[in-house]
Each structure stands twice: as structure tokens, then as C-alpha cells.
Amino acid sequence: MANSKYAYVRNFELPDPLLPNTFLVFRLDGHSFHRFSDTHNFTKPNDVRALQLMDHAARDTMQVHPDIVLGFGESDEYSFLLKKSTTIYNRRQSKILSTLTSQFTSSYVFHWTTYFPETPLQYPPSFDGRIVLYPTSKEVKDYFAWRQADTHINNLYNTTFWALVQQGGQSTTEAHATLRGTFSKDKHEILFSRFNINYNMLDPRFRKGSVLVREEVDNEEETGPRRPQMTRITLIHCDLIKDEFWDNRPWLLSD
Amino acid sequence: MANSKYAYVRNFELPDPLLPNTFLVFRLDGHSFHRFSDTHNFTKPNDVRALQLMDHAARDTMQVHPDIVLGFGESDEYSFLLKKSTTIYNRRQSKILSTLTSQFTSSYVFHWTTYFPETPLQYPPSFDGRIVLYPTSKEVKDYFAWRQADTHINNLYNTTFWALVQQGGQSTTEAHATLRGTFSKDKHEILFSRFNINYNMLDPRFRKGSVLVREEVDNEEETGPRRPQMTRITLIHCDLIKDEFWDNRPWLLSD
Amino acid sequence: MANSKYAYVRNFELPDPLLPNTFLVFRLDGHSFHRFSDTHNFTKPNDVRALQLMDHAARDTMQVHPDIVLGFGESDEYSFLLKKSTTIYNRRQSKILSTLTSQFTSSYVFHWTTYFPETPLQYPPSFDGRIVLYPTSKEVKDYFAWRQADTHINNLYNTTFWALVQQGGQSTTEAHATLRGTFSKDKHEILFSRFNINYNMLDPRFRKGSVLVREEVDNEEETGPRRPQMTRITLIHCDLIKDEFWDNRPWLLSD
Amino acid sequence: MANSKYAYVRNFELPDPLLPNTFLVFRLDGHSFHRFSDTHNFTKPNDVRALQLMDHAARDTMQVHPDIVLGFGESDEYSFLLKKSTTIYNRRQSKILSTLTSQFTSSYVFHWTTYFPETPLQYPPSFDGRIVLYPTSKEVKDYFAWRQADTHINNLYNTTFWALVQQGGQSTTEAHATLRGTFSKDKHEILFSRFNINYNMLDPRFRKGSVLVREEVDNEEETGPRRPQMTRITLIHCDLIKDEFWDNRPWLLSD
């Protein structure tokens, strides 16, 4: 075969299996989304259309890959949990990483017009991803707590910042200066006293991020358009930091 | 900071640098493209629109990432060569792999309607990718020779197969049986004697695949829409197996 | 500095940290010990001097490296458990692997004459090692059960085999043939009926292997020649397969 | 088989092949040799017995492993070059690293009494090792140049330092202070003017380190005690930094 004299180059493709029986967390982030959100006039501090599009791409990714049991999104990033027992693609790192990143990206572009019917996509956006292994459920819970605590910190800052700019008339430089050194309670106070905003009454989507949880379904109804499953993927905006979320869904962390 | 008690989970993100001063080849393949091409009625044995869309996505990827100096595409796969001296993303494997896969995927979906104006995309397609390291230029040349030899073998088979089916009235089972055990010259003979097709006169795009080569440009004109560069990316359908291609473009393999 | 123009070669030394908070098992095996044991006239089926020398080298290794909490030896192999929280050498794989292998080897050669005063070492023996990560305590227990079950299987076979040869007058070929297809109970029966050997009464060192366990010591006495510690390393020949061993020593698997 | 229910733990032993067709450099260093050399009263600044023992252990390692073509030693470290085409242990990293480290260590302890007949070994010394991959011969040459430049810098410093202490009557603190900020020529001048030592006339073993080079032998004589080979390992103390060494021995860097 004409091909055989070159086939030795395949020997340079080295195996990259991930440690068995360890939780996989796959996280992806928008690449240069500061520029991307400016170009497409995303609403500040939160663009509900852009967040819903992220959720849609994440849900698609979970539909196609049933071993993903949980997703958590905020801003232009999304994290996914795969069961510790997953054998997806024989746990080959590059295959998993590239396929999941590709699927999410593809869905994001595919569904763009659904969420931005008046805003044509100007150029193809991209995401970067990584896989992190966690040996125990404690670390998995702390991982998602870490991301949700980050959501809270960022959103409180951004909400106050853009209130100062959009309603308070400050320049962005002034708003940064106003917030320098402030604590959470100071930002709550600014929002309430100056702008009559009760932060805790804002849309939990912004304050908590998006949680996509795969739940088992008792009856035989099909839940996915392409892959009949006995599970349903539900979007909620709830607390992930306390144990309650995990205690109520023991299958997420079990074998 | 509320976040700090969880931040230890970052310690599980391990470094993954690629060996310095080694050629990087990034290859991606369509995921379940047999089904994808059926769903979207791709022409057999080659759909020129689908191939042009692949080329477009590849060109975009090279525009955004100037360290890619060469691309080679056939069917639903594309390979890219990065210079051995590249320090893209500090040579972090996951970052490079996920970003390039995402960029290509995004461009593929973004430009779909340009090439398939009458065929709406039915669902978001995905690709998987891998990075392979090659220490010397000999292996790089043999890698691309391997892929182009594969193009030849596959295309000759597919061209003869679909001629038997589409023009010869055979069933696909019969056509496979007809070709079992045949050599290249037998397929050439079938094409010529039964269907009056001179294989060597077919579109070189199908026989040779697509070569995207980054060439240095002498004058100061800008060549890219988003990134002014002193290089130009040219699409050709030429032989990669003989040394001539490489000898005429020494910058591809140099430091 | 004259050295600086070459120092770039250090960039090719890539990081190799092991996943945090995961159990490390380090196992080493004698290299070509079939030949080594023949050359030095090891007693068959078990040479108690050679086994004691292995135990001594293992104990030395544990004295020098306090993060090793357990050792298990049989024949020419030894396995060591490091706590999941260990930060030995910042969990750098090559550093840990090479240092532990070197320490064990060095002690083996160093103490040779203590156990083989009449048998000069003919040439320097070597060992190879590997590190395996286990995310949970279940796998750690099963790992040691696996090694001890292997000890049992091998020792029962070897004991019967050498009884047939040494006491039964069979050639080694005949003895292998006699044992082909036999089950455990058959070998017990051969030993008892032909040679009056009650296998279960043999030295537990041979049947169970060697267990070196690090135990906490209440008082302030020093236990190591070079490194005062509040722990003591105890050699026992006990069952590792049932839970009792682990239940009685919870510190081995705790954080 | 009693063993089979535990055998799954082997799935956690992951493959670790090194990139093919790439030079391997294996370097090992004495572990805590400052203390070791004090305990055993090594002569300062260089103990020729200790250096010869290192050379002997290195030569043994090269005898046992024919794919090592070059060794370079200084002080308590040794570097070895393996041919880029080597398939030793299928290029499995842990196997190679642990075996070579073990062999060297074993030989070091084994031959101790030959070089230190009056100085009993007080405790088992250990070494740590690492493997570094280099894609091209340029980096290999620069690696060895880096080590030899280091030899020069360290030896000139140490020679001057110990002259100040041993012959000049300075304390070690004073000697360090005397040398602070000095250049090479200053140290040469101190040695010559104060102690009448012409540095360039010192034993090249100290100034250049030890080079063990595998050379092809024309006739059929056996050169190794255990492995008849058509090669001979020669110890020299020559310059590795200029190209001449490599130009005269093209087989070291060839395929």
C-alpha cells in the first residue's frame, strides 16, 4: 500500500488516558470575549440573551454526552462534571477535551440567531477548554462552590460598577475608583442607598449563575431530540455552595 | 475573600507544556460525519461545497493564528503545521488543542450558509482534534505525505465505487464486491473502460486535497481582515509527497 | 557567565507533578532476579535471607521517607503506600520515583553481607520501579489484596513444585506437568499426602509476605537511627485482604 | 483465580512512552552529598577516589545498557546520552528512569570498597534522576557544553576557595568573602600569585570532568565482562564544548 511507508508517523501519537475512577471537570471560557461582547453590544452588566445562549450550548453538549451530569455557567464560562466512572472515549484526554469544546462552540454559533435575531454574528467566536481531575467528591463540591463564589463576587462588583456609570453618571475610571477597597456590604449599601436596588432581589440567574442538572426520569417519555434517555436536564439558578444541593442529588457524586 | 477557601481546587490544574523546539501538527476530524453528510445530502464521492467550507474554516484558523504555516485538508479532516519555534500559548497543550479546535468549528458553522445557501444546517456538527509532536522535518514531510497518500487511496476508491453505483447501476453491496482485492491500476481501468473517466483528469482538489500555505509577502499591503500581516495564505492543490513542495518553501520547516 | 548561553537547555526539563490528594503506590521489582537468584544460590522455593534483606532495604527506605506509611514485600518485589496528602518533593514524579528506587537499591547492596556473609555479591543488582495513583482507599486496599493474593498463588505453586522436585525426585519439567491444571486444593492435597506438609503451618512470611507498617508511638523515644520520629515501623506477616487490617489502622488511609 | 477480582487495579497503571526519535538525556545527582562527603571525609576540593567511583558506576551502567553512547560526570552528578533511535524498554519513561538510576546506585555501593578501602561506607547513599528529551543534536551538544561549563565554573571557584582555606589560613566565611564578586581571571590570579598554582596545569579530570564515550571496535574481541559487544567504552577528560569532539565521533548524534 502506497501509504504504508509513511504510516510510521502514527507512532508519534502517544496515548493520553486520564486516571480512572476520578471525577472529570471540563471548563471552557470564551476567548477574547471582552472584545466579542463589545462588538455585539452585549447589555451591561449582564446580557440575558448571551447567558441564555451559553445555557443552550451547554444543554446541547449535555444532550449529546450523557456522561455529563452537571453544568454550571456564568458570564462566558461553563463548567461540566463527568461521573467518576465515565469511560467516555476510553478517557482519552485530547479526544474528550477537543470534542466537548467543539460541540459547545458549534452549538453556540448554531443558536446565535435564536437569541440575537437583530444582531448578526460579526465573526466566529472561540472558546478554550481544560480538563481537571478531582479524586474525591469534596473537591468537586468545592470546585463548583469556587465558581459560584466567583460569580457572586464578579456580579456584585459589575452590578454596582454599571449602576454608578449608567445611572450615577460616573465615568468608568471614576466608578473603578469609587469601588476600590470596598467590601461586599459597601457595594450593597451603594446599590440600595444611591440607586434603590436591593441586590438580593435581582434575577437569581445573575446572582447565582446557571445550573444544568441531569435528573433521572421515572417514566418512559423521551427527553432529548436526538437521544432518547431516561434522564432530563433541568436549568435552575440555585445555591451550589451549601451541601443541600448535593445531598438532594446523590447520584451526581456517586459511582 | 469569600472565594479563597475554595481556591485550593486550582492546585489540581496541572501544567501540560509541550516539548520546546519540536514541530506541532494539529489534526482535526469531523465527528460522525458519515451521518452529517447524509443528513445534509453531500454529493458523492466529493461535495465541492463541503470541501470549500472546510478550506474556509481552515483559512480562518490560520488567519487568527499566525504560527500555523501550513494546512492540509481532505474529506472531513484537516491537519495544520505549527513552526517548531512556536511559543503559542506558552506551548500549553490543552490551551492550544481546545482553542484551535474551537476556532475551526466556529468558522465551519459560521460560514455554512455561504456554501450551502439552500441547505439549512440541521444540527451543530463537531470535530475532534489532537496534537502530535515531530522532532525533525523528515517526519513532518512524511506526515503530510501520509495524509496525501491517504487522500489518493480513498478518493480513487470512492470515485470508482460511486461510478459503479451512480453510473453502473450497481448496489453499494455489489460495488464493494466489485472492488474487493483490486489494485490502483484496476480501478483506473474500471473508470476508463466502463465510464470513460480518466482519473488523472479529475479536479486536483479531489485527487490531491487542499493545501493552505502561508507565504511571505514583500510589500506592506495588509492581507488579513483582522490581523495585518506580512504573509499571505494561498490555497493550492498540489503534490506534497515529493520534495519539490518543501524545497521551494524552506521557511515552512526552518526555525 | 560562561554558562548562560547554554542554560536554555533547561527549558526542556518539563514539570511532572502528580495529581494532588491521591494515594501514591510505589512498586519496585528486581531486574533479572531469576538469574540473580541462581547466581547467588538462593534457596528454593523461598530464601529467608533474601526476603529479610528485602525487608531491611524496605525498612530503610521508610526510615528515610516518613511519608511512606506501609510496605508490602514478596519475592523480589516491594510495594509502598504514601499518604494521599503527601507533598514529598512537591509530588514531582521523576524525583520521587528515582529517589525511592535508588534508596532501596542502595540499602539492598549495602546490607547484603549481613544476610549473605558467606556469599559475596557477584555483581550489582538493579530494580525497576513505577508509581501508580489511586484516588480512593478502596483501590488502595484492593491493590494490596491483589499483591497478597498473588503471593499466595505463587507461593503455593512454588512450594508444591519444589517439593515434587526436591523431595519427590521429579525433574522440573515433570513437576510443571504434574501441576498443570491443578486447583489450590489439589496442591494442598499433594503437599499433605505425598510430603506430609500442612501448607497452612508453613512460615507466614512465605504465605503472607512481609508487611511493614508505620505506627504512631505515644512516648518520646526515638525510633530511627538517623531521623527521630514519633512513629515506629513494625514488620508483620498478616492478612491484608480482609478489612480488619485496615480497620485497626485508620491512619494509613486517612488524610 | 483468587487474584482476578483485584486485578482491575492494574488499569490505574497508565502508559508513559517518551516521544520517538528524540534524544534522551538521563541525569542523576547525589542526594544530600554534602553531608555524605563530609561523613566520609572526601578530600576538598576534589576527591579523586570519589570521582573514580562515579566513573566506575557510570561505566557499569553503560556496559549493561548498550544504547547509552556517552556519559559525562562531574562532582556527584552524571549525565548520559541515549541514541535518538533507542527503543530501550519501548521508551517507557518510568522503566528507563528507575532502571538506570538503580543500576548506577547499585554499582556505586558495590564498588565503594575498591576506591575507599580504608573508609567503610557509613550508610547507603542515594541518587535522584530525570530524563530530558532533546529533539536536535544542537541541543544535545549544548546540554553537554552546559554541564562542562558548569564544571569549569564550580571547579575554579572551589579550587580557589579551598586554597584560601587550606593554604591561606582563611576561615570558610573569609574565603567566601574574598571571592565575592570576582571574575575568572581574578581567581586565576589569586591561585597563581598567592599559591603558585597554575590552574590550567591541574588535572584535567578536575577541570574538564569525565567523559565516557562508546566507540566502535573493529575486531572481534570482547570488551565487556557480561555482554560481548563490538564497542568499547573509553574514559577521557577532554573538551566537549567545541565542535571537534562531536565532529570526530559522528555516530554519537546520528540515527
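Should a chain be cited, it is by its letter among A, B, C and D, assigned in written order, with residues numbered from 1 in that chain.
Quick note on the criterion: a contact is a pair of C-beta atoms (placed from the backbone, for glycine too) under 8 Å apart; a residue touches a chain by one contact, two chains touch by 3 or more.
Since the model is a prediction, treat every value here as computed from it, not as a measurement.
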Interface residue overlap between copies chain B and chain C, same or different (over half shared): same
Longest centre-to-centre distance from chain C, chain (CA-based): B
Fitted rotation between chain C and its twin chain D in degrees, CA, nearest 5: 180
Where chain C and chain D are represented by their mean Cα positions, the distance between them in whole Å: 30
For chain A paired with chain D, centre-to-centre distance based on mean C-alpha positions, whole Å: 51
Mean-CA-position distance for chain D and chain B (Å): 46
Residues of chain D touching at least two other chains: 12, 19, 21, 133, 139
Pairwise touch network: line, ring, star, complete, or other: complete
Complex contact set, residues of chain B against chain C: 11-12, 14-15, 17, 19-21
Residue ranges of chain C in contact with chain D within the complex: 1-3, 6-10, 12-13, 28, 31, 60, 64, 94-95, 97-99, 101-103, 105-111, 121, 123-134, 139, 142-143, 145-146, 149-150, 152-153, 184, 226
Contact set on chain A toward chain C in their complex: 19, 21-22, 84, 133, 135-136, 139
